[in-house]
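As written, the chains take the letters A, B, C and D, and residue 1 is the first residue of each chain.
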Amino acid sequence: MIDLSVQIGSLQLANPLIAASGCFGYGVEYAGTVDLSSLGGVAVKGLFLAEREGHPPERIVETPAGMLNAIGLQGIGVHRFVREKLPELRDLRATVIVNICGSTLDEYVELARILSDADGVAALELNISCPNIKEGGITFGCSLHGTFDVVSSVKKVTHLPVIPKLTPNVTDVAAFARASEEAGADAVSLVNTFLAMAIDVETRRPQLSNIVGGLSGPAIRPIAVRMVYECRRAVKIPVIGMGGIASARDAIEFMIAGATAVQVGTANFVDPFIWPKLLDGIREYLRRHEIARVADLVGTIDTTSREKQWISS
Amino acid sequence: MIDLSVQIGSLQLANPLIAASGCFGYGVEYAGTVDLSSLGGVAVKGLFLAEREGHPPERIVETPAGMLNAIGLQGIGVHRFVREKLPELRDLRATVIVNICGSTLDEYVELARILSDADGVAALELNISCPNIKEGGITFGCSLHGTFDVVSSVKKVTHLPVIPKLTPNVTDVAAFARASEEAGADAVSLVNTFLAMAIDVETRRPQLSNIVGGLSGPAIRPIAVRMVYECRRAVKIPVIGMGGIASARDAIEFMIAGATAVQVGTANFVDPFIWPKLLDGIREYLRRHEIARVADLVGTIDTTSREKQWISS
Amino acid sequence: MPVDVEARVIRNTRLSSDYNVIALAAPEIAAATAPGQFVMVKPGRGHDPLLRRPFSVFEVLRANGRVEGLTLLSKRVGVTTAMLFDAVEGDIVSCLGPLGRAFALVDPPEEAWMVAGGVGLAPFAIMTDALAARGTRTTLFYGARTGGELFYLDWFRARGVRLVLATEDGSVGERGRVTEPLERELRSARQAARVAGGLQASGNDLTVDACGPGPMLEAVARIAAARGARSQVSVVRVMGCGLGGCYSCVIPVRDGRGGRHYVRSCIGGPVFDGAELVWD
Amino acid sequence: MPVDVEARVIRNTRLSSDYNVIALAAPEIAAATAPGQFVMVKPGRGHDPLLRRPFSVFEVLRANGRVEGLTLLSKRVGVTTAMLFDAVEGDIVSCLGPLGRAFALVDPPEEAWMVAGGVGLAPFAIMTDALAARGTRTTLFYGARTGGELFYLDWFRARGVRLVLATEDGSVGERGRVTEPLERELRSARQAARVAGGLQASGNDLTVDACGPGPMLEAVARIAAARGARSQVSVVRVMGCGLGGCYSCVIPVRDGRGGRHYVRSCIGGPVFDGAELVWD
């Protein structure tokens, strides 16, 4: 028997696969294509206190092996979420991680309070890294003090595991992982998307209405893996890795680099039936390598240098 | 007649296409596939004062729509370059931009002195952004003071245009463009590669001997375009853009975003005959849009918002 | 519930230098598709192109009374449509569906007027079959740039569909936009009805169903509204997922309180009531 | 000078579940290729996979006295080789070449001993033709995992090549590595020569040319050196460009001053003198 469970602070996940925020609606949209209780967790779409309309179209554009998005956090707000979505998610036995986003520190705290009182929330992911909105969010994520303050303030008002989600758009992501750890975070998750843009050369206009957007998908995977590797070496709390995972191999790569759990975003758009394939692939890998617990794979990258460099083909 | 020339400080380039450093050997390797004098410029492989062996294999690995490299700046050193390569490049009538790399500030200055005295160097590109070597280089490129110091010191000893090459691995690349401008740079070029890694999941070893390497190729293009756009708005000196250009459309996208000239690296590996195709594509575009001078395209992105968002297909 | 099928290309028929009809062996999807629903397809492997693309189901293929697959009418505009154009028998295309809200089908004596602009013809073949099964009388207003881009005319004629054609260059049918004959006919149908006294001006004697370029949909919705006819329009948005996951495909819809909000067209549509949408 | 040809697939022959021989209509390249040279190929479009991959030219195809193309012997190990395996007639493969340093060809009375491991057979078909044209006597030591992975045996026999076979499972030829019969035969050839007095022990009576896995090349170079024979080995490195632009493909070479330095195998090789390379 292979043990796929992993531990994120006080939270035990049945397996390391989490649906990434913003790429899985409120979870309920996917109840018809995947058994939500079979996932390690479901990170729902980033929520503000209030409802938000988001940006006008175009909101996404495809790029080589990736995509840009500037959705602008369209959403139903925390109150409607708790009323309209959470009961259904509970019925579906999903492990719900709520991704929260505030314009001010107080808004994060208020969101955390509300969600801590709600029934069926497993953890809070602090979105301090969305590149697509002007107010709040990323201004915390790009400052070590801001990161520390948000995390420690939220920690004071909740019993739930708190997972700040880090932006890759910084010089030294490991410093942000350290600031999070010092502030009491139970884990960190990374990466959010890379600030990027695309231009329609015929009209000379940006392809996104918001001008810039966030790059996700396989294109960013090698950068994300490096950042997870750096964070893993910088902190003792678990690292949740993501960025371009599209196969079991990719998920395993992140875990070897240091991720205790992984999130999958863009690939779920390409293949909403990817989840059992990922789980099967991870199981098959562990069996082949005779590893009994997926947790034993975490951070096992071997950086000792080899003597000979023959390619075996 | 379409005017393809562009101006980089005191240097006039016949057209905006430059072969990117490290992706075109010392230029002479490509004399058989492309007429070097038909290029706007040739940025030769990064040179230290001394010869260097570089890193052991593996030095590259392919990733989705991109590649990682950790060559480690293997090279013949500046003296052999001046003796062995520069005469041939002169004979081929190449506009030679020498990419220089130092472990110390003094080494940059010394390199600049030597190359300013040599015959046939058109400009100096300061590589303060190579992610693959431990000493020097990127430590300057990741500090505003370091960037300022290298640029101003080199400016003091050379009459050649000085072009610091910026790293994308920072929170605010525009600040580095500004520091460069204040230090007297004639232009900035960006982006160098993104620090990244890939792991062989079967052996759990990094795929590169250096563990980490630099991501280049189409995958990074949307991030690079955004950075060029930001720098263009931050400084008055010309911006030389690069990162994933693989077609005339891509080159034009960078110019609309704000690049006065562009460099092409990885795509030259895929298609060493790309150069005339790029030039023809740019000419055709300018003709179709009735733009007489390619320089008139630079920075013409239109960010006013549209009223209707119909897709025309 | 949608399913994902690694569908074999049964055949690929090029209709012009840009249009093709590709037949895919996805019987599970074909059998479950209602007119106006779509599939998300991805030909080829690898991550470039990365995302699937939405296509209306054009026809449901039957052989010996069994459903054997579906066809897509595709117009070549970019990378995926070029791959669909070039595909050959035996190639594999990932096909996810059926997805989205279908056209509501009208029963006799109500009539269905279908309005297609260019590749917007796509939902109306499967729709014709469904309406024929109900005995609903159908008219197809069909416009294109030029006569060479009007396809499947005999197919529709053979099924008793009345055709009203328009081309921008006047090479076939009326010169100009197809919304002109639509407006004219709707006006005279209303006058005739009023004269006959059989129907009110706002009567439910016909529904106008449209698919095509945005400005055409807008015109159709206005024309129908002006004459008190119901319209259903199938909109085209860039879609990242087709399942409601990404919020890329939104379109502004009236919220009933004088305001508007963005609705995901992949699950709230792609077919909307023309009166629901915000056109300005 | 290399050229880039958008080469049509003339035919694609599968030799096993992993090996295929693909024929490409690139006569310009074929006509200019010397044995041991390679091409950089890219099947398919788009940026994933991104880079070309190196393949030795296997055969030069002639019809009616004209060169019509070349073939590659490919073993499926990853994404590009899978695409080459699956390619069908009419597909397009970008093919850049000829590239790299060829094997130096020996003239009679010197003999050429070719040593191939697995897909390392690739350079030796074109080589056999070139040597046959000179009248040089040839032996092919050819090893594989199993008999089912020894290909083109009749092809070589028909051209008068003496075959010495070995398989790891012993199903065809000798059980074990092909370097064992090589070493044995080289030893006895040397003894025979010494007895006959006709050649010095270090004589230039034969050259050993090898292509295959790294450890095999190393063994060949050592065996040849120990018996005073010249060896040429074709090495396999990951290649980003094939033209000397990227410095990815380096291999350590003795610098003549007791040291070593990295040489780009795409232009300094892929064929090196076995004695030049640093094996430890």
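Methods note: contacts are C-beta pairs under 8 Å (C-beta built on N, C-alpha and C of every residue); 3 or more make two chains touch, one makes a residue touch a chain.
Note that this is a predicted model, so its numbers are computed, not measured.
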* To do: Tell me which chains count as touching both chain A and chain C.
  => B, D
* Asked: Counting C-beta pairs in contact, which comes out ahead: A-D or B-D?
  -> B-D
* Asked: With chain centres set to the mean of the C-alpha atoms, which chain is at the far end from chain A?
  -> D
* Structure fact -> Here the gap between chain B and chain D, centre to centre from mean Cα coordinates and rounded to Å, is 37
* Asked: With chain centres defined as C-alpha means, what is the inter-centre distance between chain C and chain D in Å?
  -> 57
* Round to the nearest whole Å and give the separation of the Cα centres of chain A and chain D. => 48
* Structure fact -> Rounded to the nearest Å, the gap separating the Cα centres of chain A and chain B is 33
* Contacts with 2+ other chains: residues of chain D -> 46-49, 237-238
* Asked: Considering chain B alone, which of its residues make contact with at least two other chains?
  -> 57-58, 64-66, 217-219
* Based on which chains are in contact, what kind of graph results: line, ring, star, complete or other? -> complete
* Interfacial residue positions of chain A with respect to chain B in the complex -> 56-58, 63-66, 68, 142, 169-171, 194-199, 201, 203-206, 209, 211-212, 215, 217-223, 225-226, 229, 244, 249, 252-253, 256-257, 285, 300-303, 305-306, 309
* Partner chain B, residues of chain D touching it in the complex -> 1-2, 4, 42, 47-52, 94, 96, 237-238, 240-241, 243-248, 250-251, 261-262, 267
* Asked: Given the complex with chain C, which residues does chain A contribute to the contact?
  -> 22-25, 29-30, 32-33, 45, 53-54, 57-62, 64-67, 69, 71, 74, 217-219, 246, 266, 268-273
* What does chain D use to touch chain A in their complex? -> 46-48, 75, 77, 119, 213-215, 236-238
* Structure fact -> The chain A residues in contact with chain D across the complex are 64-65, 218, 308, 310-313
